[in-house]
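Pasting the structures here.
Two complexes are shown next, each including subunit A; its partner changes from subunit B in the first to subunit C in the second.
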Partner chain A sequence: MITHELIERIEGEALIDFRTDRSGRVQDAQIRFLHFRGMEAILEGRHPLDALVIAPRVCGICGHSHLIAAVEAIEAAYRHSGAEVKLSMKARSIRNVTKFSELLQNHLKWLYLIMLGESAKLLREEHPLPLKALNAASQANRLAALFSGQWPHSSYALPGGVTCDPTHIEIMQALKILAELERFVEAEVLGCSFGEFETIRSYRDLTALGGDFGKLLQNVERLGLADTGHSHGRFLVLGEHPGCRSMAIDGNTRRAADVANVSEDASAVIEGKTYAKNALYEGAFYETGPLARALVSGRSVIGAIHEAHGDSASVRIAARMDEMVDLLKNIRRLIETLDLSEPSYIAPPPIETISGEGRGIVEAPRGSLIHTLRIEKGKIIAYAMITPTQWNLGNGTAVSPGVAQKAMIGAQSRDKASFLFRTFDVCSVCTTH
Partner chain B sequence: MAERREAFKMLFSANSAKVETNKGDAYYDRLFQQCRARLDELKASQPLQAIDFHEILSDEGYDRREFMKWASAATAMLMLPPMFTPLVAEAAELMTRVPVIWLELQDCAGNSEALLRSDGPKIDEILLDIISLEFHETLMAAAGHQADAQLEDAMHAFKGKYLLFVEGAIPMGMEGQYGTIGASGETFHEHLVRVAADAAAVVAVGSCATYGGIPAAAPNPTEAVGVMDVLKGKPIINIPACPANPANMVGVILHFVLTGQVPELDSLLRPKFAFGYRIHDNCERRAHFDAGEFVEEWGDEGAKNNFCLYKMGCKGPMTFNNCSIVRYNEGVNWPIGVGRGCIGCSEPDFWDKYAYERPMSDANIKAPTGGVEKTVDQFGLGVLTATAVGIGIHAAASAVAGKKSDEGEAQ
Partner chain C sequence: MPSKPAKFQIVWLQGITCNGNTHSFLNDPLLGSLLDKVRFLYHPILPSQMSLRELVVKIPKSDLLIVEGAYRGDFERGGAVMEKLLPALAARAKNIVALGSCASFGGIFKEASPESISGIVYDKSEATGPLAAMREKVINLGGCPAHPEWLSFVIGMMLNKRKVALDELGRPKELYAYTVHNGCLRNDYFEWKVDSRSFGTKEGCLYYEQGCQGPFTHGSCNKILWNGVASKTRAGTPCFGCTEPTFPKTDLFRTKTYMSIPSEMPLGVPKRSYLALAGAAKSFHIKRLEERLIDDHA
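What follows is the complex of A and B.
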């Protein structure tokens, strides 16, 4: 039986065509995205710095990652054309603080606005929209806005640095907001201190946590989904991330990843099924995002659980939650070591003199984001983006399914499959752009 | 928080910030009676949700005094005289009685994201949590077919009474196939027309819904347009900007609850209380503009000293909006605060005309003169945003005008 299932409460909406057997078990799931804007075409022919205004607007929830990818792509084009572009440590750190804040707010919203609510619904339990979570996510946005001016959609980064020039007052404000966020994650998300969290080594101990993170894992367990949602076991990290190098993992083999092996497949778009192109590494579907990052960086608790449970729904959830702690730690380190006497911005040569190609790769909330552009004398000739959800939500066939597709196949019902789909942190506007 | 609210009120009621909306005592007395009657009528109606507003307030740590301070700031923002403060407070308590339906079309969800963290006083946040959001893809509990049913139910139950918020542009190319909704494949255009039919008023939120936004940027691949380009015979309120400031979304709802009417609008259908003056008029760097102190290059001494960003392409003098007062993210900052200049995101065609690396001072137009308090209707439209402005012509205009990257903004 074929059923169209609408997936909302994401950024935009997706349609899944489920093929189920008589018992309702999912045999195949075709993922379709039915909304397109043509952002790449809009960028072509423009002044390169326009990308810093337009590219962030691909997505209202990870626009900042798009900004950083765009500015890094332009900087790479400078270098490609033989021109020097320098960045101070300070500018680099500030870009990372705002980027990590964006990841943090994304994970908070995914946990509270999507996952806790959806799991409660499947269990037929009440889950009111928690004000406390909105407030915490807002604090993460405030932290970003202190340096970037506003969130969503800031454009404060430029080739050569950032426009903000924070003083000790902003640093104090940032540390105050950060402390609030740390308190929230300890008290509400984890239900224990960071110190205690770091001693956890087993999945059992994670599910026993008293906070909302533990509650979500318990819900997943009660739904019988903890050990489901297995995919290909192939992971990819292409951007730089704390403790994390560009790497591809396929089962037990790990190797340095080369972005030259990335390709796009537009056949489903051409057939008119969807507006999302598939992103492939060495011609195969790879999972990107927090779980890939945790495995590459070797964050101990996730590594151990993955060893025992494989790439299941619960491990995927655990990786996103664990990353919150990691992000908070890194934001604190970056702010505390910021040298305010360094320049925020070092002027590169005028962009009108630049002809070259460049690529910016960023580890965005949902995985590896790639912007590639070619500039001819200060004009964008070509602009291409590959977004995180293109990797995870690719539309393969029943024989060779995409990452999320494979995770859904075998689910007991469409509802449960839709829930597994959401464990990938679905984003429609990013996928099609 | 309390100090900020006071500052907020002072800014909104300062002479420089005001659009001249004083219509005399007789007018306000009449309006007061009208609002009184409207609120009494709402009070007699059934609440859509069983919520004790004051209990929620006190749970969140606000007492009555705090709440009244918020109400007086909100009254100032709506440009009403202080005598309306108790009515605004009552309207806030009655916000649950006005149903809101929120549609996402060709968007990035940035306005929904902004809505989740409405500006400044946290009371706004509480209000947003309790307004009767009968349908919102991201925020509501229902999903999929259940959500479809919920939308139908809400449209039926609140026929003629709901406020319809629209986020995102409407793609008209390829017979609307660039954006479809649901299993039935209804186009965004069909969907909008159908849901708008029984709305009391339609609020276009963000630059995509108002003027087509980024999707309508040249070459406008999907032939995107704004709500007012395709919807006729309905009161429409535009709240442009990318993203729209949540304070203005709350303001519009509050005004509707209070008066049962749309607020006073300018020729681009924007509420005058929010778009009656320019960013420049209340900018924190304004004194440097007046003193002729400018940032000349990114990262120079002027930049370190927070000089005016006009020569770096700031569009504050051409951009009508209240962000220099409201700011963003609970007032923590705004683009000018990080030395980046305004990109004019609440103006029509900002994507083709206002990208910030093209300084307006180099363009063949004059700096605004003749008094900075003039409103968009008196000033600016014809001079500053010359070619492609006008209701109903955005898509065609951006396709024809092409990308104006090097030509400046001259007429």
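What follows is the complex of A and C.
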């Protein structure tokens, strides 16, 4: 039987065409995204710096990631054309602080607004709106805004640095907000201190956690989904940031990843059916996002659990939660070591003198984000994006399925398959830029 | 015992969007007390009574229809085309808010297809959108995204049955009578014509070279601040005029000049007066404004 399911409460909407057997078990799931907007074409012909204003508008929840990808692409174009563009450590760190804050708020919203709610719905339980989580997410955004001017949609990064000029006041404010966020994650998300969390080695201990993260894992277990949702076991990280480098993992082999092996495949793009192109690495579907990053960074809890359980739904969830702890640690270090006496911005040569191609790669909340542009004397000639969800939500065939597709095949029901789909943190606005 | 008053019912519909207004609204620090008084019949992320499918089939009555995102007739939501869905929901709504620049004027996404994409009442500044005939009940909250306080102000006014005074583009005067320039910390520099020369400093005004549109952009960004702590100009970023029907212009980080004078004047200032004033102001050299505010950084 074929059924078309409308998936909402993601960023945007998606359609999944399920093929199920008599018992309702999912045999195939085709994912469709319908809302193409043409961001790349909007950018072409414009002044290169305009990309810093337009590109963040690809996505209202990860605009900072798009901003950083865009500015790094322009900086790469500078270097490619032989011009120098310098960046202070301070500017680099500030860009990472805002980017990490954005990851953090994304993960909080995903946990509280999407996953806890959807799992409760499947269990036919009440799930009141978690205002505490919205408050925490908005604190993370406030932290970003201290440097970036606003969240969402800021354009504070420029080739050569950042526009802001923080003083000790911003630093003290940032530390206060950070302490509040740390408290929230310890008390509400984990239900234990970071110290205790670090000693956890087994999946059992994670599910026993008293916080909302533990609750989600318990819900997933009660739904019988903990050990389901396995995909290809291939992982990819293309962006680099403190604690994370570019790498491809395939079973037991790990190798440095090379963006030259990335390709896009538009065979699944059919007008009116779907606008999402597949993103492939060495011609195959790879999973990107928090689980891939955790495995690359060698974060011990996730590594151990992955070893025991493979790439199951619960491991995927655990990786996103564990990343919150890691992000907080990194943000603290970056803020505490920020050297305010360094310049925020070092003016590069005028962009009107630059012709060249550049690529910016960023680890966005949902995975690797790539912007590639070509500029000619102050004009964008070509602009291309590959977004995180293109990797995870790419559409293959029943024989050679994409990452999320594979995870859904075999699910006992369409509802459960849809839930597994959401473990990937789905975004249709970025998939169909 | 008086019966509990019925909650104010809201439908939140998305057209062509990035979801930025949704996420901006979630930042409202007083969201909880607002949500006590309203009920979402449909919202894309917050808990609501109906699913999207139910919404497009039932077309419920509402006290307020909030539209986020630009309009294109054949764009689909939940399998229904906007051409049908939007007027139907609008006809059954007591009030309508176009939230953000896309719904208000077309915004960024209009650039992709200028002939077919518009705001719900306005296409840029022309009132030729699909709800033009209902413009009396539409409030435009331009901004990319709209500030959460702007929306909660308008909802608050509706809850308290007060009339919102609007400007000629349907924007609440209390929010858009200000310019972004109003309240900007760089005003000292603006007055004395001290430009900021470089990005990345807290000193200097961004109007003369870096493209700041604050002096002719309506919005209270520097009055109520973003995320409670900042604004673009406070973070050294020029205002891009995102609340205006002209958004997005081009060449956004550079001031267009004519004979080295900015070609767009502060709101309501005739070029001649500006030139006279600028000449005089420039002749002053105010040491305080030529130095760093805090030079002992470390």
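Quick note on the criterion: the second predicted complex is superposed on the first by the 430 of 433 C-alpha atoms of A that agree within 3 Å, B and C clash if a C-alpha of one lies under 4 Å from a C-alpha of the other, contacts with A are read in each partner's own complex, and residues count from 1 in each chain.
Keep in mind that, in the parts below, a contact is a pair of C-beta atoms (placed from the backbone, for glycine too) under 8 Å apart; a residue touches a chain by one contact, two chains touch by 3 or more.
The structure displayed is predicted, hence computed values, not measured ones.
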Mind checking subunit B and subunit C on superposed subunit A, clash or fit? clash
Touch check for A:243: first (subunit B), second (subunit C), both, or neither? neither
Considering only the touch criterion stated at the top, classify A:341 as touching first (subunit B), second (subunit C), both, or neither. second
Determine, under the contact definition given at the top, whether A:418 touches first (subunit B), second (subunit C), both, or neither. first
Thinking of the overlay built on chain A, is A:167 touched by subunit B (first), by subunit C (second), by both, or by neither? second
Where does A:153 make contact in the superposed view: on subunit B (first), on subunit C (second), on both, or on neither? both
Could you tell me if A:49 is touching subunit B, subunit C, both of them or neither one (first, second, both, neither)? both
Looking at the overlay, what does A:310 touch: subunit B (first), subunit C (second), both, or neither? neither
Residue range of subunit B overlapping subunit C upon superposition on chain A, of 1-9, 55-63 or 145-153: 145-153
Contact residues of subunit A, present in both the subunit B and the subunit C interface: 6, 8-9, 11-13, 34-35, 37-39, 41-42, 46-47, 49-50, 53-54, 57-61, 63, 109, 113, 117, 127, 129, 131, 134-135, 137-138, 141-142, 144-156, 158, 160-165, 173, 343-345, 347, 429
Counting only contacts in the complex, subunit A reaches subunit C at residues 6, 8-9, 11-13, 34-35, 37-39, 41-42, 46-47, 49-50, 52-54, 57-61, 63, 91, 109, 113, 117, 127, 129, 131, 134-135, 137-138, 141-142, 144-156, 158, 160-165, 167, 173, 339-341, 343-345, 347, 429
Within their complex, state which residues of subunit B touch subunit A. 60, 104, 106-114, 116-117, 122, 125-126, 129, 137-141, 143-145, 147-148, 171, 178-183, 185, 213-215, 217-222, 224, 242-243, 297-299, 303-304, 328-330, 332-340, 343, 345, 351, 355-358, 403, 405-406
Could you list, by residue number, the parts of subunit C that touch subunit A in their complex? 14, 16-24, 26-29, 31-32, 35, 44-47, 51-53, 75-79, 108-109, 111-113, 144-145, 198-202, 221, 226-237, 240, 242, 248, 250-254, 294, 297-298
Using the touch rule from the top, collect the residues of subunit A that touch subunit B in their complex. 4-13, 15, 34-39, 41-42, 45-47, 49-50, 53-54, 57-61, 63, 109, 113, 117-118, 121, 127, 129, 131, 134-135, 137-138, 141-142, 144-156, 158, 160-165, 173, 275, 343-347, 351, 379, 418, 429
